[in-house]
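For reference, chains read A, B, C, D and E in written order, and residue numbers begin at 1 within each chain.
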Amino acid sequence: MNEIPLTHILFVSTALFFIGMYGFFTRRNMITILMSIELILNSVNINFVAFNKYLFPQNLDGIFFTIFIISIAAAEAAVAIAIIINMYRSLHSVDVNETSELKF
Amino acid sequence: MNSTSIMFYIIAAFILSTGILAVTTGKIFRSAIWLLFSLMGIAALYFWMQVEFIAAVQIIIYVGGIIVLIIFSIFLTQKSGEEMPKPLRKRTLFSLLAVCFGFAFTYLIIYQYGFNSGEAPFELKIADIGMQMLSTTEHGFILPFEVISILLLAALIGSIVIAMKVKTTEK
Amino acid sequence: MNLNLLILIPFLTAMAVLFCKGLKQVRAVALLGSGLQLILALGLLYRFYDERAAGNLSQMLFEFNYHWFAPLNINYHLGVDGISVAMILLTSFVVISGVLVSWSMDTLNKEFFFLLIFLSMGAYGFFMSLDLFTMFFFLEVAVIPKFLLIGIWGSGKKEYSAMKLALMLMGGSALVFVGLIGLYFNTNIEGAHTFDLLQISKMKIPVEAQMLFFPFAFIGFGIFTALFPFHTWVPDGHSSAPTAASMFLAGISMKLGGYGCLRVATYLMPEAAHAYAGIIILLATIAIIYGAFATLMQTDLKYINAYSSISHCGFVLLGIGMLTQISITGAVMQMVSHGLMTALFFAAIGMIYSRTHTRMVAQLGGLLKVMPFISAVFVIVGLCSLGLPGLSGFVAEMTIFVGSWQNPDVLYRVATILACASIVVTAVYILRATGKTVLGPITDTHFNKLGDALWNEKLAAVILIVGIMAIGILPFWLNDLITPGSQQIILQTGQNIMLK
Amino acid sequence: MILNDIFILMKQELMLLGIIMILLIIKVGKDWSNESLLNLINALLLINVMSGFMMPAEGFLFGDMFKTNSLITLEKNILNIGTLIISLQSYSWLKNHKHLIEFYILMLSTLLGMFYMVSSGNLLMFYLGLELSTIPLAAMANFDLEKRKSSEAALKFIISSAFSSGLLLFGISLLYGTAGTLSFTEITSHLTNTPLQIFSFVLILAGFSFKISVVPFHFWTADVYEGSPVAVTSYLSVISKGAVLFVFVSVLYTVFKPLAEVWYNMLFLLSVLTIVIGNLFALRQDNIKRFLAFSSIAQVGFILVGISGSSQMGTASVIYFVLIYIFSNLGAFGVVSLVSAIAGKENISDYRAFYKTNPFLSWVLTIALFSLAGVPPTAGFFGKFFLLIAGAEQGNYILIAIAALNMVISFYYYLRIVKSIFMDPNEHPIEKLTIPMMPKIALFICLAGIVVIGLWSSIYEYIYSLSTGF
Amino acid sequence: MNIYSYIALIPLLPFAAFVLLGLFGRKYFNTVSGILGTFTLGISTLLSLATAYQYFFVDGKVDGVFTQIIPLKYTWLQFSPNLSIDMGIILDPLSVMMLVVVTFVSLMVHIFSLGYMKGEERFATYYSFLSLFTFSMLGLVLSSNIFQIYMFWELVGVSSFLLIGFYFEKPSAVAAAKKAFIVTRFADLGFLIGILILSFHAQTLDFQTLIARLTDPQSSQMLSITTASFMGISMLTWGLVLVFAGGAGKSAMFPLHIWLPDAMEGPTPVSALIHAATMVVAGVYLVGRLFPVFVFDGAALIIVTYVGAFSALLAAVIACTQTDIKRVLAYSTMSQIGYMMFAMGVSGKGGEEGLGYMASLFHLFTHAFFKSLLFLGAGAVIHMVHSNDMKDMGGLRKLMPITHITFLIACLAIAGIPPFAGFFSKEEILLAAFHSNKLVFFVALFTSGLTAFYMFRLYFSIFWSKETQQHSEHHDEGPLSMKIPLIILGACALLAGFAPIASLVTSDGKEIETHIDVLFSLTPVLLAITGILLALSLYKKESDKATKVANTFGGFYRTAYKKFYIDELYLFVTQKIIFNLVGKPSAWIDKNIIDGMMNKLAEGTGVVSTQIKGLQSGKVQSYALYFFFGIMGLSALFIYLLK
């Protein structure tokens, strides 16, 4: 296990983070944007777990942080989806580009 | 290079490739499925890192909860299999540049930092998690636990209010 | 003498005005309040002489010091010297006549008088402040009411003018603010900073800091007093404002700037004042000459007075820039004189306008026949403006000229000569305006039906004329009042070019 | 013993929890009329405000999860007062709202989140508090359920804040990776000027900046402010912002102290950007809420100037300014909310000739705007003055000069509204509004605050005595 | 305090009259205001005569020399410990003589106006202005301080403005008033700067001290003013020349004379008072006052000489061509003042050298009487004919005998025919010129011939020429109040030449011996008679001889008739150059460039604001992108660039 350097794991998380970010920037569907955010949060989770495990094993701070992030992600997703659904009712679309009534 | 490391690279490749697919696929339902795979890959990574508890939570909440929620919402708002509108080309270009640059930059910094692995062995006991979760002392997480419960309550109420609108509009 | 009264009375008057019903009550209260102010100001003058006669030689009299914001060493510190007393007198004269002139203000009268009196409170506070923070506070108090006064009760392109005025003055006060902050952080009293004017004057501000912050403070205050090329708010602002507001604007508010230039910029940063004197004089001379020539071309009476104000306020700056005791005395005199004079001028223009409904010189004519009183006022103020002996303008301008001449630098001499030359141009435009408006044949037959000034207008004019003549005929009291103050400033600058 | 501590140290949070519980019970129980509910809730909030001032205590709870002292108590009290005012002001809007109780539950839970955030002693609690104060707010933004704009605002808010919290988390995780701890006090000792730590700091700074809408992290602000119900907008702009500012100052001053040189320069840059961009955008807005959004962005720029002073005065001035800002902004929002709720108009052009029909409201709005602009004798003048003094303490006069000159631009747009109210003619001005009791009380409180907080120096001196410097 | 304290009353009485009449006259006692004004002035006149007696004959002389007495002095404005404007009274031969002249002529004019201005609606106003003028003029001549004189100088200017513009409904009157004021104002600018220069170096504003310091070659002040120079010319010269410029403006010397003819728009008595006898000689008075200093600076005196001589000639030439009787008189005034000026200029200090000084003031004295007489006579004529143009007149000698006789006396006086007043004074002037400057002497000689010519041209045109007089309905010469002054002044014009000015008013206070050199005086008298005869031949009878003569001069005549186009030149300079090249550009620059800059600044901000609105596109993903850029930018900046 030790032969995998920590940076490799961080490579995965960073890459995932930017993949999520790319999705966030380009996707036009609100739900897929939400999905991209999940990717971002997951990459953070990997970071926390990896750091906790390989660098600071004395405490469980990272692990706990991960747990809380996961729960918050759930809450966030719930509210976001509620809003999206509400939005969909009036807009009849989930294209984020169409939600630009408020601008300038 | 032993089997665990090979395992790691396989998992890593899986996570990233499904992740890329999840954000690029044209069909939304497929996208959700790719996301599901990616999240499961992450769970596998947790397993690989021997933090089974997190892996379990990951599967339960993400795969069992959030993805399901997302798929429900997809069904509510979309016909499955329908092609999503293509992203704007200019935005794609910019995003790609930004993301590539960002990634290179970030990883370079991380890489240069030179993380060293700690000496102490890491042992994760689920009992510890339970104890600390409800402990009120130093490194006890009861307060965050309570806070998150309020957050979930509030999120619940908020979602209900917003989603409950159905009746009023249809009247 | 409690100086707080001079802030309290206007404040209470303003508040009382808000609770009045109907024009009659409102104006009665406003008149009462401004009358009280006048009495207080005269009382202050009397008490001031009294104290001085009794041998009280401290720089500031009637000091009141309250520790306001202790952590920042900000004090509510009031006190007066001769210069302040002169400015306070000026303010009280203009305020009461401003109230009288607005006697029959028909729209939103309550608000109008409230703002007027509120503005005067700012002016009083400013002139009495011995703490830079308090000073700045009152400076800004005096700005915003003008915006409303012009914007609501003005005429012509009033919104534009009001906005322009407010923004430029606020810009000025922003610069002042930077200057004040710079001063503040360069003071040191046992590790703490201070805003206290007297304390700062006693310590040495590093010369580099002075060189850096003097322009901020001076230009900032200069904008208030129509420093070229930041004078453009003057014509529009003055011409769009209602009569009383024009009077306040030109009579009081432009003086805030001159006073600030003197008391803050020059007094506290003497070395920098010397270093920048050339530029100040250059700008002041340009303002004087250029303002005068620009006035020549104006066709609207209010514009004429506004541009002439630029020219006249240039004298104030010139006097300050020359940095001799006489010229500074002259600058203060000019502030007082111009304040009274321009207020009267605007009052006269307002009276004419309210009757003939035009301010264009070309459309007016022969008013002496139908409204002799107003015309006489107009002529008197015109003569004061062109510096007729016996009226205040002469005394002030001559003091400045004599003072400026004491500065032996050739270029300064040239500036002085140019400034002197402007009095010829002044004569030209004043006589043009007077000749066309008051004299000559009546241009419009309906003028024949117009009446002369009412009692309130007469009273307002008489009050101001009394002020003008009190200075013009008996200038020594004002001179004696101001001179110790200007002496103090000159002593501060360290180079007394005064004749020995 | 610990229970006793909890009661004493966490009394403000417990009060809120109690109110939330009461509301839940009422919700589950029988139907109340909206009026009586509002009366009850406002009474409860009043009690909440008053109880905040009682029994001040100092200490830590649950390790470093929760800390409190008189400054933190004061900050919470300020937030409490603001919430009460908003609640009073929203009377007209809430009176006819079906989900009154839910609104309050959400609002109070966000407030609770802010309290935890303000009291947090480590990154986890900070993050949770932040999320607790954000996610329900998104739901609240959608509370004009019928309006598309409202849900658009909510959507933008939740998406943007999720994004920003993703970045913030990434930063936190990197910081955790380099410091090995989540505790504020311990992080400080692990901070060195390594690029990674600076990077993580930037990410965290961005997280903060997002919440307090610092340019270029501010873009959501205007859209969300415009679309949300006025009550939510005002809540977002004063309470949520204020809370994050409180944390921001203390985090910068204590946790990131070793990086002071870095963040000082960053704040310089950001504050200039924020003031300028905020001003430039505010110049040409017509929707008054959107306008207030940009003006509040510019205000934040000024606050950053004050923060950059990094001294006791900096802390004090920021808190003082937030206090003033709450009263001034709520004064403005109070009027806007009344007009919006009763007349349904939100454009500046609708306010033309407002003075003819509603002199009282006009004066309140004008004075509030003057206070925002920083015109004496309103408190805003003192607030801004002290912020800039604090900012100048580092000797950065360029920053002060830029800020001071930008104040002139800001004058322009504040005066523009005043001009509309007083000077512009209008064929169809907003009709004469009858102001219900509660909003009226709220307006008077705001007016009193605007006047008193500035002139009465004891308030500033009190805050100053509690503040800690660098 | 001493016995002369009452002198303060001399100016203050008219001032009181001014205030009283100005404030209440018109409303409450319009008709009697003339009497009131005249009465107060009468008291002043008596007082000044008493003063003259007291000073000249009782106690003015100390050791055979007239001394300056300062009976009163109050500090009016203390600039600095040694620089102050004092309000004081100075008594010396010069001021006492002027006191008499001013009060006396003013009194005559007051009396004359009683009849002349009768029925005028603004009768009280007229008298209040007259009183104001008298007050100012008296203040001027009594001033003990150079700044004090400047103040009264200005007041005189303004009262002249008010009086010229008295008929304010006439645009030409208003224009003339404006012109007079502005031109003299321009000159006063020089005066002011001169004062600044002199007072700066002398370190005093007080006449006595100033003169004492600037005439003592050893004093440090003298040293400072002569060593300091500007453009190679010493400050003393500058100061004196500039002061003289002020005097030249008031005294209508070339090239600042253009206001004087126009000033005739005012009521004729006013012209008699201000523009003949008193105010216009203020310049001479000023030079006389500072004469001790002038003597020390040859350059300044030369300028005074040539300006005076040239003005005398120029005015005489123009006067020959004018047809408006008042304008002819105006130019003759200018010419005579030119005499006084160059007399000052050719003078030296003390004894025989100081003849010019004495002659100048002597001429001032006599001129005051005959010139005011001429004006009042012209006023009487105008009163009757209702026209200023000599073409409308003629043959009036029978209708107005008193006027005719007195006018003739005055004409003879001005022409320098013995034994009329003008002869004596002019004689002294020519003598002084002869002794020091031949060129000037010949100019003066020629001018005196011209003077006789144009005066008699005037005289004949008015009183002879046409024999029948049809356009006048009332054959009355006017009320008694108009006749009495004419008679009194006529007597003065006849007798003033015998006044002992030579023994009283001299440059050093000592008496000088004068004697009439018959041989010397023959030439000018003959010349004058030639002039008279020429006029007689041309204008005695109505004929076209005069036009023929004019035609022979052709272009020169026209140019002279057009006053050498100096007015047009001024008009060109002021209207075209000052207005178009300075005034209009200033106004334009102000409106478009400076104000435009401010507006553009505001506009620019608005434009930028509109330009960047695209940033706020409403698309949440763009926002996120900017967010991300922000982070990347900040980190890149602070990690790599600012390390």
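In this section, contacts are C-beta pairs under 8 Å (C-beta built on N, C-alpha and C of every residue); 3 or more make two chains touch, one makes a residue touch a chain.
Keep in mind that this is a model prediction, so the values were computed, not measured.
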- prompt: Through how few touching steps can chain C be joined to chain D?
  reply: 1
Statement: Contacting chain A as well as chain C are chains D, E
- line: Outermost chain relative to chain C, judged by CA means, is B
Task: Farthest from chain D by Cα centre, which chain is it? Let me know.
output: E
- prompt: For the chain pairs B-D and A-E, which is connected through the larger number of C-beta pairs in contact?
  reply: B-D
- prompt: Of the chains present, which has its C-alpha mean closest to the combined C-alpha mean?
  reply: C
- request: Averaged over CA atoms, how far is the centre of chain C from the centre of chain E? Could you give it in whole Å?
  value: 36
- line: Averaging C-alpha coordinates per chain, one finds the centres of chain A and chain B separated by a number of Å equal to 5
Message: So the centre of each chain is just the mean of its C-alpha atoms; given that, what is the distance between chain A and chain D in Å?
response: 27
Task: Please compute the C-alpha centroid of chain B, do the same for chain E, then give the distance between them in whole Å.
output: 101
Two or more partner chains touched - positions in chain C: 167
Message: Show the residues in chain E shared as contacts by 2 or more other chains, in ascending order.
response: 602, 613, 616, 618, 620-622, 624-625, 628-629, 635, 639
Statement: Residues in chain A with touches to at least two other chains are numbered 10, 17, 20-21, 24-27, 33-34, 52, 55-56, 59, 61, 64, 68, 72, 75-76, 79, 82-84, 86, 96-97, 99, 101-103
Query: Tell me, which pairs of chains are in touch?
result: A-B, A-D, A-E, B-D, B-E, C-D, C-E, D-E
Chain D partner contacts - residues on chain E that touch it in the complex: 602, 605-606, 608-610, 612-613, 615-616, 618, 620, 622-624, 626-631, 634-635, 637-639, 642
Chain D to chain A touching residues, read off their complex: 123-124, 127-128, 131, 135-136, 138-139, 142, 145, 148-149, 151-156, 158-159, 162-163, 166-167, 169-170, 172-174, 176-177, 180-182, 222-224, 226-227, 290
Footprint of chain D on chain B - complex, ascending: 106, 109-110, 112-113, 115, 136-144, 147-148, 150-151, 153-155, 157-162, 165, 168-169
- request: Would you tell me which residues of chain A are touching chain D in their complex?
  value: 10, 17, 20, 24, 30, 33-34, 37, 40-41, 43-44, 47-48, 51-52, 55-56, 59, 61-62, 64-65, 68-69, 72, 75-76, 79-80, 82-84, 86-87, 90-91, 96, 99, 101-103
Message: So in the complex, the part of chain D that touches chain C is made up of which residues?
response: 312-313, 316, 370, 375-377, 381-382, 385-386, 388-389, 392-393, 395, 397, 400-401, 404-405, 407-408, 411-412, 415-416, 418-419, 422-424, 457, 460-461, 464-465
